[in-house]
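See the structures that follow.
Consider the two complexes below, in which chain A is the common component and chain B and chain C are the respective partners.
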Partner chain A sequence: MRLLSSSVLCYLFLASSAMAAQPVPVVTTTTDIAAIVKAIGGDHVAVESIAKGYQDPHFVEAKPSFVRVVNRARMLFNVGLELEVGWLPLLIQGARNPSLMVVDLSQGVSVLEKPSGPVSRAQGDVHPLGNPHYWLDPRNGVIMARRIAQQLKTIEPGDSAYFDQNFTAFESDLTNRRKRWEEQMAPFRGAELVTYHKEWEYLIKWLSLNVLGYVEDKPGIPPTPRHLEELVQTMQQRKVKALLASNYTNPNVPKSIADKTSAKLVMLASSVGGEESIRNYGDLFEAIVGKLAGALK
Partner chain B sequence: MNTRISKNVLRFVALVAVVISIAPSLGLAQESVIEELKHQVTEMRAAMQKMIERIDQLEKEREANAGSANTPPAEPMQATAATAPASTAKGVTNSFNPAISVNGLFGGGFSSNPATTRRLSDPTFHNGFNFQEAEVQFTADVDPYWKANFILAVNRDGKAEIEEGYVTSEQLPYDLLPSDTSLKLGKFFAGFGKHNLLHAHQFPFIDRPLINQTVFGDEGLKEPGMGLSYLLPTSWFSELTFQGLAGENESLFRASEDSKPRGAYLGHWKNFFDVSDSTTLEIGNSYIGGRNATGGRFSQAIGLDLTMKWRPPQQATEKGLIWQNEYIYFSRNRDRHPAPTGGGLYSSLQYQFARNWWIQGRYDLLGVPKLEDGRKQRWSTLLALVPSEFSALRLQYSYLTQEHAKSVNEIMLQANFTIGSHPAHQY
Partner chain C sequence: MSEFLAIMAAPFAASLVVTGIHVYLGLHVVRRGVIFVDIALAQIAALGAAFALLLGMEIHGGEAYWVSLAFTLIGALIFSITRSRRARIPQEAFIGIVYAVSAAAAILVVDRAPGGAEHVKDLLVGSLLFVQWGTVVKIALLYAIIGLLHWLWRKPMWEISNMNEWEKGQGRRSWIWDLFFYSTFGCVVNASVGIAGVLLVFSYLIVPAVCAMLLVERTDNGTVKVGKSLYVGWLVGFVVSVVGCYFSYYWDLPTGATIVVTFGGTLLLVGLIRTLFLV
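What follows is the complex of A and B.
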């Protein structure tokens, strides 16, 4: 058994050193994962994301050109929790790439809002496995990065030390910056706000903010006028300062709510690439925290 | 608890009865009376024995009833306590059940053509209200090598059929399947062009394009067979598909239930380009040919398709445009007759102008080259309200002009709903 595994390792090592010059093709479903893969894999990995940062990851189209990308990849990282259920299965099936390793990064993350009772589509687009927007907590970013490093080592064991080194650098940099963001947001602990979609739960929990309500009373379903009226009333009574929406949301409805209340509409990028200046995973929180602190002041 | 109380009550009542019936006699000294009393006591004893038996019986019944009433809460508790071992011991578990979804199509139609009062341009539509079709889909991995798909359709007459039932594979043991290749076996919609691959609930308009209906008939080209499709090593998406089919199609191969299918071959080349992040272009060519049921002569069809799609990723749920075009040429050779040939096309434009709304238009032309029954043209327009990806309400109007017949106006209304597992959306 040991002989077998060591010969397999030896073979993998030889294979990887033979191809050392070629970066490993890796595909990710979102830009956030791609940014972390880039941080860990450096120039030893060629990473491509299917979704764009300014796009709602629920509604990506299964374009055949993505089939082409998945066909050439050796590893695929995805968010999981059925975020990509409407498009990823078709891409993987169409790719005709049985040696592709698919890594669901939700494993190891403590998932919020896992429904405890039965779910029904009458509740809107509920995720039966829990809220999938977990990358919006930088502490989960570290969990994702650790897992990515582990998985990259399985296909490129020769680069293990390199990936480890990059992970350590990523973790310490992100931890330092996280502490700064937490200090910056400390005065606003417990601040009440309203969000459009149920996608900021991880961010809100991390920063100890308080969600008073959602514009969408059912996830993914446009709100009813009655719900909006009640929401506006609550927001006026509680003098809510901020209304959060991702920047791919149609701004018309949130704008009209902000106009009727004292709340500032904060349109946030929810992924890397959501704004031109957001080039890596840390940039994402830099932008979010900056805008949030500005609005809650 | 209750049963014990009631049993005691009954016993008490019985004893009281005995005591009451005995007591008056106690004061009487006469022998005859004593004799009579003895007799009464034996009677009483018998009655009491009967009563006790009856009480025991009642008690048993009550216990049985109480037991069954207690069963429902007790059972799930047992089940949760021993879920895993219990289910595997029985060999029954839900874990590997296929994903199931059910789709229903319900519609209403009106046609101005008195000759077609029973049937509209879509054969599943009649004047008035219709239950068009119900479709049940089952999907699951068979094992690491195969994925299976079964689609059962039940039509308005309650007739059920396996619309599609096939397995696909990207990998087989001993590397039997070359890389970048997928294999399909079973009964499926043949890979000809764009529209033929769609189920009724996926049609962009309520009815089929005229040319598809003319060449492949009311049910489309679905055949038992097998196919290989290969992803070419090009920088863009380019896919070659070859399928060997039974050749059962009633329209193209003039097959009937009595005739013996003689086999058919199909080829499809699909090319796909990203023009930008929001715009894509697809160009395809298709060919199908095979011997038909009329004396083994040859039937064939050639297709060209071109589709442009536009959807800005920033507004992926609110704006979109699809321009789809297909041209099909066909010939069906027959004995002693000039080969009936023909061709036709459709061009359709679908525009999503708001989150829940689509407006669409389609032009159908039949007769390039001309068919036996002359040229037909049809203009259709459709408005769709799409509350979610699981439901849609669609209203379609179409106007048909025919060379040898009267023009026809048609209105169709359709409700389209899906329940069950979340389906992935083909691009």
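What follows is the complex of A and C.
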């Protein structure tokens, strides 16, 4: 009897360890989402990101391994709001994985710059669904994490308690750190700055900073001479202290503008993995807040 | 192996379809010495798409396609006229000018256009890896029709491609055939660039043709032996497609760029074979 029960126990143990050794394959479009999935899914989930942290998620060069990863995954998390529109629909079609569940994490986030009413030409280059760089506000990170936990539960209901526990830990840790970052940035509330592209809007709103202008209104279209002249004048008059650009932009143009003014060029990682030291979602804000506070001092 | 097939079958089929027509057109292009004409025509088509965007059309929609086609035909007209009249100026000069001006004009147009500007760039950087079977069938049909037209009129077409600049200036009807050549060529290039990108289309056009010219001897009056050159070109295109797709899969490299570099390596090999064994 004892022998039997111990063998049953042994069997159960083996079965559970076999299950633990088979983590659920999940794929994400960006490293930020991958970092949050890792925090929530722990070792029960094997997550891979398609874009690298130092790459512009608008443009991703197609490689055969992407098709393989998406073909094997059970769930795909993406940023949405047309950020990955240039390559993700093609990749999903090409991967031929009918059981893949695609989760657009922008649902539930309050999106900035969402055009109200019909989009007209007068508004210039508008993202018809709103600004997609919402992961750059840690409060949105919590919303994303909650949704990720919810979705992971649907494919692995047995691990619900584990995902919930990880979510709670993630949320409380991020909230505590967020309060510290807010304190660190409190002296700079209302500080005026200029950004290269419109990709820092969420960060800026979170920290109550004030954007006076952009170098490039449209990605890839060089600014006109008059626009640059006006921008430099404004920066000189208002004594703007910082010009933000993500670290995958070519630094030549922003550097030449910063040199003409008193502004410091701040090249920030906009995703996890954008710098070697940024390994998880919290690290990203640690790096951003550190650099910003340094420049605005 | 089965996974290799699942991932690479459609891109491989697409590259074979592209090989079929591009090797043939490439022989014409190299013989005529208008090497960069495909890039110029692709850029004009992109300008057309940008213009469609300015008019408020959907860039991937049907209307935009016709605008872009109309621009391509205008480009074809420009090339057919400049070739027959201005024997003093090399055709490549006009091709270069058309390329640079239409690329710059596209930037100006996109600057004024509403959202979707980034899609104009997409038109020139097709992604072979993600090609759909439906697209492969569509271009196969289109290329079959254009190939048939070229087969029917192969005689006048080769007469003109073999002419020198001076003879060209004398011929009255020749610019009509040139218009036919550049128009059909423009249609093919537009379709191919959309799925494979500018670099890959250029390589499929030029490298097999150059390999064929290195390996196949000319006729006595210096013209191309079309049949033999075509077989050599197709063989080169086929082998490079197979090897390039395999390398891309094996080392997990971007497919289009891998095939282009494989073409480069193949040309080197062919050049070596020629110097060692044929000359």
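Going forward, the second predicted complex is superposed on the first by the 265 of 297 C-alpha atoms of A that agree within 3 Å, B and C clash if a C-alpha of one lies under 4 Å from a C-alpha of the other, contacts with A are read in each partner's own complex, and residues count from 1 in each chain.
Going forward, contacts are C-beta pairs under 8 Å (C-beta built on N, C-alpha and C of every residue); 3 or more make two chains touch, one makes a residue touch a chain.
Computed from a prediction, not measured in an experiment: that's the story for all the values here.
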Partner chain(s) touched by A:T29 [first = chain B, second = chain C, both, neither]: neither
Touched partner set for A:K52, first chain B, second chain C, both or neither: first
Chain B versus chain C as contact partner of A:I221, first or second or both or neither: both
Which superposed partner A:T195 touches (first chain B, second chain C, both, neither): neither
Partner chain(s) touched by A:P64 [first = chain B, second = chain C, both, neither]: both
First (chain B), second (chain C), both or neither touched by A:Q93: both
Interface residues of chain A shared between complexes with chain B and chain C: 61-65, 67-68, 71, 86-87, 90, 93-94, 96, 121, 220-222
Touching residues on chain B, where the partner in the complex is chain A: 147, 168, 170-171, 179-182, 231, 236-237, 239, 270, 272-274, 277, 280, 282, 311, 313-318, 355-356, 388-390, 419, 422, 424-427
Contact set on chain A toward chain C in their complex: 58, 61-65, 67-68, 71, 86-87, 90-91, 93-94, 96, 119-121, 123-128, 218-222
Complex contacts: residues of chain C adjacent to chain A: 3, 6-8, 10, 56, 107, 110-111, 113-115, 117-119, 121-122, 127-132, 248-249, 252-255, 257
Complex interface listing, chain A residues touching chain B: 52, 54-56, 59-65, 67-68, 71, 82, 85-90, 93-98, 121, 220-222, 248, 250
